[in-house]
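Paired with chain B in one complex and with chain C in the other, chain A is shared by the two complexes that follow.
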Partner chain A sequence: MQITVTNVSYTYMPGGPFAVEALRDVTVTFASGETHAIIGATGSGKSTLLQLLNGLEKPSEGSIDAGGHTITADSRQKDLFDLRRHIGMVFQFPEQQLFAETVLEDVMFGPLNYGDDRETAEKKAYRALEKTGLPPSLAERSPFTLSGGQMRRAAIAGVLALEPKLLLLDEPTAGLDPDGQEEIMRLFSEWQQEEADRTLLLITHDMNLTARKADHIVLMESGRVRTEGTPSSLWTREDLIEEGVLPLPETSRILAGLCTESKAPPAVDAFTVEDAADRIASWVRKGEPDA
Partner chain B sequence: MAVIEAEGVTFSYNSGETPALHDITMSVEKGEWVAVTGHNGSGKSTLARLFNSLLVPQQGTIRTCGRNTADPAEQVRIRRRAGMVFQHPDNQIVAPTVADDVAFGLENAGVPAPEMKQRVEHAIGRLGLTGLEDQEPHRLSGGQKQRVALAGVLALRPEVILLDEATSMLDPSAREDVRRLMKTLCREEGIALVSVTHDMTEAAETDRMIVLDQGRITAEGSPRSLFQDPARLEEAGLRLPVPLQLSLALQARGIQVPEAVSEEELVNALCR
Partner chain C sequence: MLEHVLIGQYVPGRSVVHRLDPRAKLASLFLFMVFLFVSRELVVLGAAAVLTAAALLSAGISLRFFWKGTRLVLIIVALTFFLHLFLTQEGRVLLEIGPLAVYSGGLLEGFVVGFRLLLLIVLATLLTLTTTPVDLTDGIESLLRPLSYVRVPTHEFALMMSIALRFIPTLLTETQTIMKAQMARGAAFSRGSVWNRLKAFLPVLIPLFSQSFKRAEDLATAMEARGYNGGAGRTKYRELSWKLSDTLIFCMFLAFAGLSLWTRIG
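Now for the complex of A and B:
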């Protein structure tokens, strides 16, 4: 599913003394079948944008086209229902989306809501729980008695059980243990590879993850799109790095720290440990007698 | 001097269930920075809640700042002296404005008004919340809420700070800034810090790491000593920090570098 955002602005509590202009004239396209990362400082408007894409909030100005559905200030909730059934959204804090009496009921809710019978919904739910690494023994527990990371997994299970075409993920790996972060990202890639037009948008502060997984990065700043591009095109932009608006992945930070008195610095766009090691090794050998 | 002492602590949320924590014995010294890590569901948050007497052990005892956490008469005092920042900031919002929320703990602790005002202002400035003082905490972004919770504990100036994944929603530079701030409090003011974290870069900076697995302590020691045994870490769902992974990858390529646990250490070694 392709998403086109055109001149979108959004204001919380418009007109009042506490009005907050969270998005200002945002125009951006999220191509179908790709992984998009939305990054940017605290309060830059990332979660607000995701809520608009999901039709949870409507733009104050401008329009959004998601797979042929148009969302504007005048859209009615009824029209958005059909769009929403194809969208899986994971909220920044899983507590924001869990609500049922048991974990199982929570995960079954989506499939039931969109027409599955109980048996099918339950099957889908158990499968999704297993995929996210939640033991079946937790299925009957109240979601609010889960640990933070278990809640995150339950929320993700609920979204995967919907078999969505578009995933909107707000900090999906926050609170997961390092193993879990990898497993969950693998799940998302598998989901994406099942069909050609599956689009994934994720908000994250994890630059290592962004650099390794994103096809396209959108950098937000104070409610606007500051810039966008591929990992390599962004992390070779010295202006952004110097200004401090674009944090570096850990491997790039190490590359950027190498002293440059006697030889030219290596490029910093190596994002896996192996790539960074290759680059540092050849940099170290440069200038050695038999290099 | 130990500010937290846990001895033989076992805790279950519901009787008959497998305990969330089994036979935990550990302590935290004044001025020490301890990282608690481990799988999701291994008992980290439960341990933090036991330390500030939000929960009480069924077996064993915990003394926080010298007081028994099971003694109902001590609980309010313990929570004031061992300030906690929760994993989910909404659980902690109590007041209608950011400024009142940050001041809440101080008010209860009976801090005089002028001093309170000054401490609140300082904490708000330090956490980058200036301009948001009159906002409703519920109407903030995720990272802004976490900053409010952190400002509250900073203003309170407790003897022990318990951070339960308290910077998980902060952008990298804010996270780094909070880490530096907390380190300063620990090193210069002798505040004991317990950070529950999945971030190995943060864990690498602490004095001691405690690894929990299914409610038991399975490893404990300086980060450097724990990183000597990657297999054991992986069992607990953890990884080596990136600088160390990179050091090992460089060694495998015949480059002579020490096993650096921090970026700084690796960069310095490479630039020698």
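Now for the complex of A and C:
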């Protein structure tokens, strides 16, 4: 599902002493079937943008076009409800939103809300649980008895059960150990690759993750889009790196270190361990940059 | 909707009302509360309105912001008005709609009670808007101190209150996040019958409760980790200071109390 954001501004609590302009004139397109990463400092408007995309908040100005629906300042809740059917959203620490008596009931909540009968909802729920790697034996347990990692999976299953076309993730790996982060991201990548038009859009502070997984990166800065592009096109822009708005992923940092050491022009756009190793190997072979 | 609720919120400022001693504000509000309901003379209601308006205007808070935050409470005022309007049967009949009759006494009673409630809400909201929760607690603790001689745990009461006040905004934010998360899964809070709407809040309330218990535990641990062991022998970093302006304000409210009492007796 493609999403087009046109000249969107958003102000929290307009008119009061606590009014905050969270987004200013944002225009950006998220192409269908790709993985998009929104990065930027805390308070740069990432989460607000994410919430606008599935109509949880309405833009103060401008419009958002998502899969044939248009969201503007005066969109009606009914239309937004229809829109959300196709857009799943995983909030930060989603495990805090579990509520039902059993894991199964909790995962079925979404499908039931969108009008599925119990049988269909149950089928979808079991499918979603399987995708997240939770054994079916946990389905009848109370979600509050699960471990932290399992709770997060159960919560994610609750979103996947909606069978969305677009998945919005707000820092999906926050608070997980490295293995857990890897597993959760693998789960989402697999989900996306199952069908050609499935789109993944995530907010993250993890540059390694962004560099490896994203097809398209949007860098936010104080409520505006600072710049956007592919990982290679962004991490070759010295102005952004020098300014400190765009931290380097680990592989790039190693390559950058080697380049400075040998006074060669920086070439840091290798984001997996394999690519970085290849790059270094080729330097060694050619005898440059003096490695 | 929820982000506009003003209860328990503090708006920073340097106005006269902000700088008053919390004890002066609390005591004045208490006097106001009691004596507003003692008399129903026009003079007293007028004086109360003047006091409230003066306090509101000198607090330097945007009136639009204030109105947005209090308009939900107006439902209660309206409800009170209509209850009195229809249930009081004094004076002459002004209007008859089927089995309902509006008496002149009811109209008057509705106005008086509704107006009193409105003034009270405005002034009480103003108190929390212009006083930091810490000041408010210090004020209450200080005013209740005499009770601690009869073994009432005043410090603990004050602490409980300040913690409760402190977490109102946190709970509101959290409620909103959870509501949004459930809305993203198709929950509808504004559709269907009243019963269905109430049921729709269950998926919000349960996570909210479980989070609150967890937070309470974390807070207790954090307090103990920093050596908190109750009120005995605890000194204060910030001492309250009673100034001339506090005396003046308090005297104004005392005068109001006197006026109210005088119209009642006289």
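The criterion applied here is as follows: the second predicted complex is superposed on the first by the 250 of 291 C-alpha atoms of A that agree within 3 Å, B and C clash if a C-alpha of one lies under 4 Å from a C-alpha of the other, contacts with A are read in each partner's own complex, and residues count from 1 in each chain.
Keep in mind that, in the parts below, a residue touches a chain if its C-beta (ideal position, glycine included) is under 8 Å from a C-beta of that chain, and two chains touch if they have at least 3 such contacts.
Computed from a predicted model, the values in this text were never measured in an experiment.
Who contacts more of chain A, chain B or chain C?
B
Please indicate which partner A:G40 is in contact with in the superposed arrangement: first for chain B, second for chain C, both, or neither.
First partner only, chain B.
Quick one: classify A:A281 as touching chain B (first), chain C (second), both or neither.
The first partner, chain B, only.
In the overlaid three-chain picture, which partner chain does A:G148 touch, first (chain B) or second (chain C), both, or neither?
It touches chain B, and chain C stays clear.
In the overlay, answer first, second, both or neither for which of chain B and chain C A:Q97 touches.
second
So in the superposed three-chain picture, is A:F109 touching just chain B, just chain C, both, or none of them (first/second/both/neither)?
Second partner only.
Kindly classify A:L166 by the partners it touches after superposition: chain B alone (first), chain C alone (second), both, or neither?
In the superposed model, A:L166 contacts neither chain B nor chain C.
Kindly classify A:I71 by the partners it touches after superposition: chain B alone (first), chain C alone (second), both, or neither?
So A:I71 meets neither chain B nor chain C here.
Going by the contact rule set out at the top, does A:Y12 touch chain B (first), chain C (second), both, or neither?
It touches chain B and chain C both.
With the touch criterion stated at the top, can you tell me which chain A residues are shared between the chain B interface and the chain C interface?
12-13
Which of the residues in chain C end up touching chain A in this complex?
Checking each residue of chain C against chain A gives 3-4, 11, 61-62, 64-65, 68, 177-178, 180-188, 190-191, 202-204, 206-207, 210-211.
Along chain A, where are the residues that touch chain B in the complex?
12-13, 18, 20, 40-43, 47, 92-93, 95, 145-150, 152-153, 170-171, 174-181, 205, 207-208, 244, 247, 250-251, 253-254, 257-259, 273-274, 276-278, 280-281, 284
Quick one: which bits of chain A touch chain C in the complex? Just the residue numbers, please.
Residues in contact with chain C: 12-13, 15-17, 51, 54, 56, 77, 81, 84-85, 87-89, 91, 94, 96-100, 109-110, 112-114, 144, 158-159, 162.
What does chain B use to touch chain A in their complex?
Residues 13, 38-41, 44-45, 87-90, 128, 134-136, 139-144, 147, 165, 168-175, 198, 200-201, 234, 237-239, 242-243, 245-246, 249-250, 252-255, 263-264, 266-267, 270-271.
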